[in-house]
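Order of writing sets the labels: A, B, C, D and E. Residues in every chain begin at 1.
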């Protein structure tokens, strides 16, 4: 467990070295969302309709931008080999990196999403469900993205594998996440979508750290 | 039986046999030098020993128990230093070292060797930094280190947490003569405390009583590239 | 140390001379401006008391733009004549400019709610202020993203120049975009002829804000220079210690 | 010129060897765009209305995924130093990298956009202008993005920082790009928008390689 | 006046003076060795010489013309090999080398040195690979090279395109004795053809007639760090 916390601590520290790094995820999120009015035009009705979709796409993208480096740096500088031969289960190491990623990316996204809601004139009643769905969704994205990042280390064909495997996994998150918010706006309960997201999270919690571990061991070899 | 052994080891990298039928044994206090020309498989063998890669054939045994049975138990007893330095440019020198110490502290065999210094991890880190001459630079970001200073930081890793087995891949690279002297002293102290060492090197490490494995001798016959190198005196470290 | 720390002394001497004057001017002008704004000037017949927001809103809008121009000029001076103090001034001005932008955005929002019934519309002018704010953020983030301060200041100077070229283009394209899409229903910002009872406090505030900007830039630049000197001394000491302890 | 083509060749070859990066950009583009029908509901009118905007914004955001690596690898492995001291003007070197980036990212985006047009039920008459505007727009994005990548080289979290620098600068591209398609759909000529995009491209061709060169020299130092 | 010179050079890294008041001169056929302990500024000086960084003070002159006047003309006459290998793992060995050859071929001074081999670039590449013993591996992806093989590939770069000035930062790192021998031979041939060499190294390169600059002697006074190292025999390469 020592190693677990050391790793979470190190990764968050590298990310937080200056507070501006975490701020940056938020700012990116805001800017990316603000681009849509430029593309689609400034009509409030239209924007409000698109708001849930825009929110989720930009959140996913912001997360995607951060996966690139999740394991790559460790792979390049030889840290990965040392992680693989650390005296703790490798899935725990992987989980530590995922937790650190969520803390430095998922959490800021979660905190920023109401701001974007306001900019896009999102229905006020839907904020509660938005936050809940976002919490589940960002966690799933961190888990699945980490698996993707681990798979894409090293080998060449894995890149294709990555897009075939990981991105389809993220689609349900987008659909049910945006769906949950839409449901509330439409006056329905979002329980079903939230339950599905919860279920997905459970499944990912079981599969992804393990998958990461296998992929990392392969990559180090 | 105490010690570190391997029998019948073979290594295949991208469909080519790098070496085969290789045996080795190191007993407590012992040292083993791997020599051989570039590409002969020194690093590959060390990676097998460290458990990063698994051998295509053969078995590695730690204290009488095959490593593959309980790898984590073995990992806790060992340090590996590869070609790459695993130093994070954004962290300070001390943070880098503290991270590795915590990572290996997981189940680290605190009582397994007499070179054990204490249980106070911060003290250990300071002592290790001091030992490699980096103490005054402890709070600089590692990005500002020169090549040799970075290598020193890597070596501080093995001094910060005790472990009976050191696997060192060309540890002297980029070091100046003074740092090499310190490394020699550290190795001697480690061995005096019952520690074991396997090191690959292209330059003499000055461990006179070490056993040597010449990787070129274990290459499959087809590979004539390195065939005529095995008997050259310059390789150093031969007993 | 070498040339990098040679010329700040002249800058510091000048700054120390200017600072007391600028500070007192700031206090007097803003004080008088506030007095006229809240006491002596009338409420608007259409907008009521909310019109007083204008005396903060409009000067900060001007300052937001002025500060960016200042940064661009300082960056150019820093890049072309390699004058280190110019970079320091640009860096010092950035957060201040960003603050003015935020003030303009928030006062505008606060004003917009009673006037238009919404905090935000994608109006051309509003949008270009928002983009300006993003440019500020980018500049600040880039300047602080490196361990090596010299690297950050040069990189952000390039960004400031490119941004300065782009700003008019953005402004123009946003205008164009907005007139294309925007339904005419949204109230246009704009005022009929400005009465002098409003113009005087407005101008007082504007000059006062400019002096405030000067004061803040000087204070921040001084602090930054002092910080660098400390860092230089510290790193010299670290390496001197390496000396004693040996390698 | 020798070095110019060598660099373009090397970069495209590396990108083709590890297809993952290119794939990732395209797949993200398709998925992000495909999300909106889910978020907004499948009404053809509404979708068609938003299609140009969505297309442009998602293309831009997808391109963001690729800038991170543009100079980073060269920086990490020491190639950048050698590029800086190559016996050809550094802006030419930068331009070569930009051209390679466009070939491996802009071009695939261009090719994929009709597919997304179909998904979003874009007016059939507008494909010609869409492709033309996209060709100009992706080139500008490559140029500005490269500048951002060069400026943020060696910083922490460069992926997100980069988008913070680049996105505000490319807003005009977005406006005129989506505007061109909108114009055709509305029955007007898009000449004006295309001319402006062309002008922007010219301006960027002058400014960006120069800025890149200065930034790269700084980064190598 | 032919040759490569520097006067009054100073280097500042993150507000610290690494060295100051340093002069050097190399004339055609000459060699200069930079010595000094880790962190004394060998790499920093080589980067100044190569034009990657610019000196905080002083001037560097190539064939009588300050380098800062027309850097590209100077760049075309020079090879620089740093600590890092600039090898792309995804490309084959030959592709890696061909890229660098093309990059430097831009205005390369084909006739400037007698070690010029020919105008056929592919032939040059094959010959260079053969020279460092990588010819059999030419079509493998560079990812499959060992540390020493990667370093050999880096050195092949300077053999593939001719240039009168070689700036080498610890060229022997990771090389086996055989590759070091070849490097020595290549250096001798280069110098015999009128070429110039500046190399930093912690291990003796065996260039007996080379001038040596001890970086430790040029550290600013506050920095007594490296003061007592300058007269140590182990540093090697002193004339």
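Basically, a residue touches a chain if its C-beta (ideal position, glycine included) is under 8 Å from a C-beta of that chain, and two chains touch if they have at least 3 such contacts.
Everything numeric here is computed off the predicted structure, so don't read it as measured data.
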Could you name all chains that are in contact with chain D and with chain E at the same time?
-> C
Which number of steps is the smallest that gets you from chain A over to chain E via touching chains?
-> 2
Dominant interface by contact count, named by its two chains | A-D
Centre-of-Cα separation between chain D and chain C, whole angstrom | 31
Any idea how many Å lie between the Cα centroids of chain C and chain E?
-> 48
Centre-of-Cα separation between chain D and chain B, whole angstrom = 46
Which integer distance in Å separates the CA centroid of chain B from that of chain E?
-> 30
Would you give the residues of chain E that are in contact with at least 2 other chains, written as numbers and ranges?
-> 14, 37-39, 83, 90, 229
Residue numbers in chain C touching 2 or more other chains?
-> 134, 137, 141, 145, 147, 177, 180, 235, 239, 242, 246-247
Give the residues of chain D that touch two or more other chains, as numbers and ranges in rising order.
-> 17-18, 156-157, 161, 164, 167-168, 171, 175, 221
Along chain B, where are the residues that touch chain E in the complex?
-> 13-14, 36-39, 42-44, 83, 144-149, 151-152, 170, 173-179, 202-203, 225, 229, 232, 234-236
Quick one: in the complex, what on chain D touches chain A?
-> 17-21, 23-24, 27-28, 31-32, 35-36, 38-41, 46, 49-50, 52-58, 60-61, 64-65, 68-69, 76, 156-157, 159-161, 163-164, 167-168, 171, 174-175, 178
Tell me, which parts of chain C touch chain D in their complex?
-> 131, 134-135, 137-138, 141-142, 145-146, 151-152, 154-156, 158-159, 161-163, 165-166, 169-170, 173-174, 176-177, 180
Over in the complex, which chain D residues touch chain C? Could you list them?
-> 147, 151-152, 154-158, 161, 164-165, 167-169, 171-172, 175-176, 179, 182, 196, 200, 203, 207, 211, 214-215, 218-219, 221
Which residues, counting only chain D, touch chain E once they are in their complex?
-> 1-3, 5-7, 9-10, 13-14, 17-18, 73, 77-79, 81-89, 220-221
